[in-house]
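These notes open a run of structures that come right after.
Paired with subunit B in one complex and with subunit C in the other, subunit A is shared by the two complexes that follow.
This part shows the complex of A and B:
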């Protein structure tokens, strides 16, 4: 059996066990829908349904987005399939008290990377093996060393351009935005009950999809994710207009890494820069 | 729709069309490659920019008639307190769209119903009036296509001024449906000749029906309250991708963007998947969860719109299921409803 076949089998067994023991009210994992170019989320409530679970090269989604959804929380304790990258988002949700550890049952998957060719984020993945999960399936994968200079290559590439070219680049990219908010909705860390964009008395950010409004929206989004974004890349994957949102996130992550030596989501006990006061912080101004 | 006439077009018809239209000062939109490798309608000045082989364009035609964001008027308050209103001037230049697909063109019939309903929407109608639609019959429907399930056809001619049946050797058969279509044919000059008496249209590409909208509506009529809505919307993230890429979704929001004494009133796309769409000023939200919002989307397309206008608000282009971040599959959902 292939590595993914073994993982699929182990996931089904683990899910069936926790559902029949009533340890969880729902298991969120991946399933196959013929015709889809990726494996889609499935929500299992009964042990008989576990045949729908799969793990394959196309499990791109970060299911942690569902942990803060009211419809899921109503079901009770949540079992959730997480790759190492997804677990980073779960760690931030724990750190920010959005979920409690006892409310989730984490089913970690040793993941060697997704997509053919491999997704760029998988090539520099530092969490092939998730830690701190309740159950882990698959064979442990040797973690290749990832050098600091490999982490933010998309941001580096754009930063290398003169400022006028960067401005031109982002104007062109952001002018494509149709304000569908798929980037926000798919983001596990955009859990606000009411987003700044929806606050309309007064309207803080213009909702019109002109360059000015789009720029304001994407700057607001980037700033709210600074020091929090875990680089799962879902926003860029789902953007119907192919805006390279990952590069914006990388830039913010790079600044926080350089200034505070902090990278988000590697532990739920992190002291994140924005929520921690330290007299050691440099006082050059706001980030 | 007038009498349908058939013309044969020679292999260089596309070049002739783009050249003749550009020479006459007509704006031409045709499928081109975008910088991210997709195919989409864009302004062309040469037939060489036009992509020949594609299933459909990334975006439907909607945005050409109901733009994502459109200035409806500008206003300025004078020193004496009077307000000057300036309606946005409309583009009157003739526009020809070449090579859109029959499903997207059929959607214009639905938009027409809405924007010519109890009020004739000037901004919309001006754009419709200036536009000639030359559609291209589909020979190879994509896996996500389901036009035949919603009353359409890979070679449907609804709302098309000219429907083109392209051949492998670049020649084409053209079915002319309207006076605007006649004018297009005239501009092609030598590149077209009337088709011989008895010329038959090609057989339509086969596309299996995936559900029956009448049966779907029958279930919708009785099941406003059902677990189906909760179960099938668990994955839905509540973004606007499906609506914004839909050829028939037409909801909009009107906003004023103003500085101290002047501003503009804009019409922007809006979407029933957003929680704010129905949020009242009181804080009450009649569609309080994603299940209610997902239900609205299906009900509107397959129950309310047909009841009001006698047409389904879906043309089966499949963009919603192709672009959904979580693989929400409208075909599967409707087949599920039919089986209930």
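This part shows the complex of A and C:
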């Protein structure tokens, strides 16, 4: 898999321009050193460094995770390379006032999908081309139509099992968890200064890697991301124990889609479902 | 006593533990009214008073299960009657989504109840508690969860 030459070249030019014009203090993008299996984040402060930038189909990370970090904020205005899916996370950060639009310079890339074979999320990607960026590089990619029933196939698959089997499945999966919290660290929307897992008066979630605490942790994580998660799939990708975390997030995305007709990250202006309500909400199952 | 009879008597002696989070302004007052008007209801229910049903974090519910509850009930004011104007509307969104998550993870939805009981509905409260206690009795101990709690650390 070779680097996508034209996009890489255009990216380097755009980054060099904005760094030498002092429009941004730092550019966050992807780089790949020799011998690396996939592209990793690079942070460029000077125009001479832009040779390190690349864009290829192994740029997995969601760089939006760095936008809320204080160390990055101190560097001044941030230029950031975003794929369409990453842009959804940026939209949520803007909506939640974590970052201001004038503090970021969005460098959008047209992305045809990642990985070989393609990641599941890329097969049903609805945002090959980013919208609302300051600079867009690459050639526009034709956007195939994605049907509503294709959106949540992973959650649907587990949902089709009877309840006892679901319990067994998740018990098996969640007992693998070693509580490394990589899923939290890599999530662009898990930016709380103090996570519920660190609160111990009372101790909400047991911290030892036992399935009871694991269940509580993953329930808490799923609920805190409900109506916010943009389905970038990073949590599942980084999980060292291969727990299908994406399926839980997908389930909650499906719930807010079906109940409230809401899909996160498509606009920086919309209201998250749990910050508002409607008097017309379903009453089903309430005694 | 035959084994079958013994099982039966053990089962009838077993009392479910139901944890109920009641909002201060409606459901708690409704339960109070039930008591004042001498309407009995099963003692299996352990009432915890909260300011509003909107205060109930799903973690409260999970914590209750972790501490051995067989069923959890959250009860608040009827929609439109919230003392804080909209707390129960927020609770409705949050808790129904939470219930779907529990179901997805394989936890029986019948173990988690949501109800609206107003301060004037002492009779509703009394019959509701009788009803859910009977259901909890029929469901039996929350064994799947209890087994998980006792399991060895991974």
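Remarks
As a convention for this text, the second predicted complex is superposed on the first by the 273 of 287 C-alpha atoms of A that agree within 3 Å, B and C clash if a C-alpha of one lies under 4 Å from a C-alpha of the other, contacts with A are read in each partner's own complex, and residues count from 1 in each chain.
We adopt the following convention: a residue touches a chain if its C-beta (ideal position, glycine included) is under 8 Å from a C-beta of that chain, and two chains touch if they have at least 3 such contacts.
Not measured: the values here are computed from a predicted model.
By the touch criterion defined above, A:155 lies against subunit C but remains apart from subunit B after alignment on the C-alpha atoms of chain A. When both complexes are overlaid on chain A, the residue A:207 reaches subunit B alone and has no touch with subunit C. Once the two complexes are laid over each other on the shared chain, residue contacts for A:98 go to neither subunit B nor subunit C. Of the two partner chains, subunit B is the only one touched by A:198; subunit C is not.
Using the contact criterion defined above for the overlaid structures, shared-chain residue A:163 touches subunit C, although it does not reach subunit B.
In the superposition on chain A, A:259 contacts subunit C only, with no contact to subunit B. In the superposed three-chain model, the partner touching more residues of subunit A is C, compared with the other of subunit B and subunit C. The residues of subunit A shared by its contacts with subunit B and with subunit C are 208-210.
Interface residues of subunit C facing subunit A in the complex, by the touch rule stated above, are 58-59, 62-63, 66, 79-80, 86, 89-90, 92-94, 96-109, 113-116, 128, 132, 144, 148-149, 151, 153-154. Here subunit A touches subunit B in the complex through residues 33, 35-36, 38, 40-41, 43, 61, 65-66, 69-72, 178-182, 184-186, 198, 203, 206-210, 234, 237-238, 240, 242, going by the rule given at the top.
Across the complex, subunit B meets subunit A through its residues 34, 36, 38, 58, 68-69, 143-144, 230, 233-235, 237-241, 243-245, 253, 255, 257, 266, 268-269, 271, 274-276, 289-291, 323, 325-327, 329, 332. By the touch criterion given at the top, residues 155, 158-159, 163-171, 175-177, 196, 204-205, 208-212, 214-216, 219-220, 222-223, 226, 248, 251-252, 255-256, 259-260, 273-274, 277-279, 281-287 of subunit A touch subunit C in their complex.
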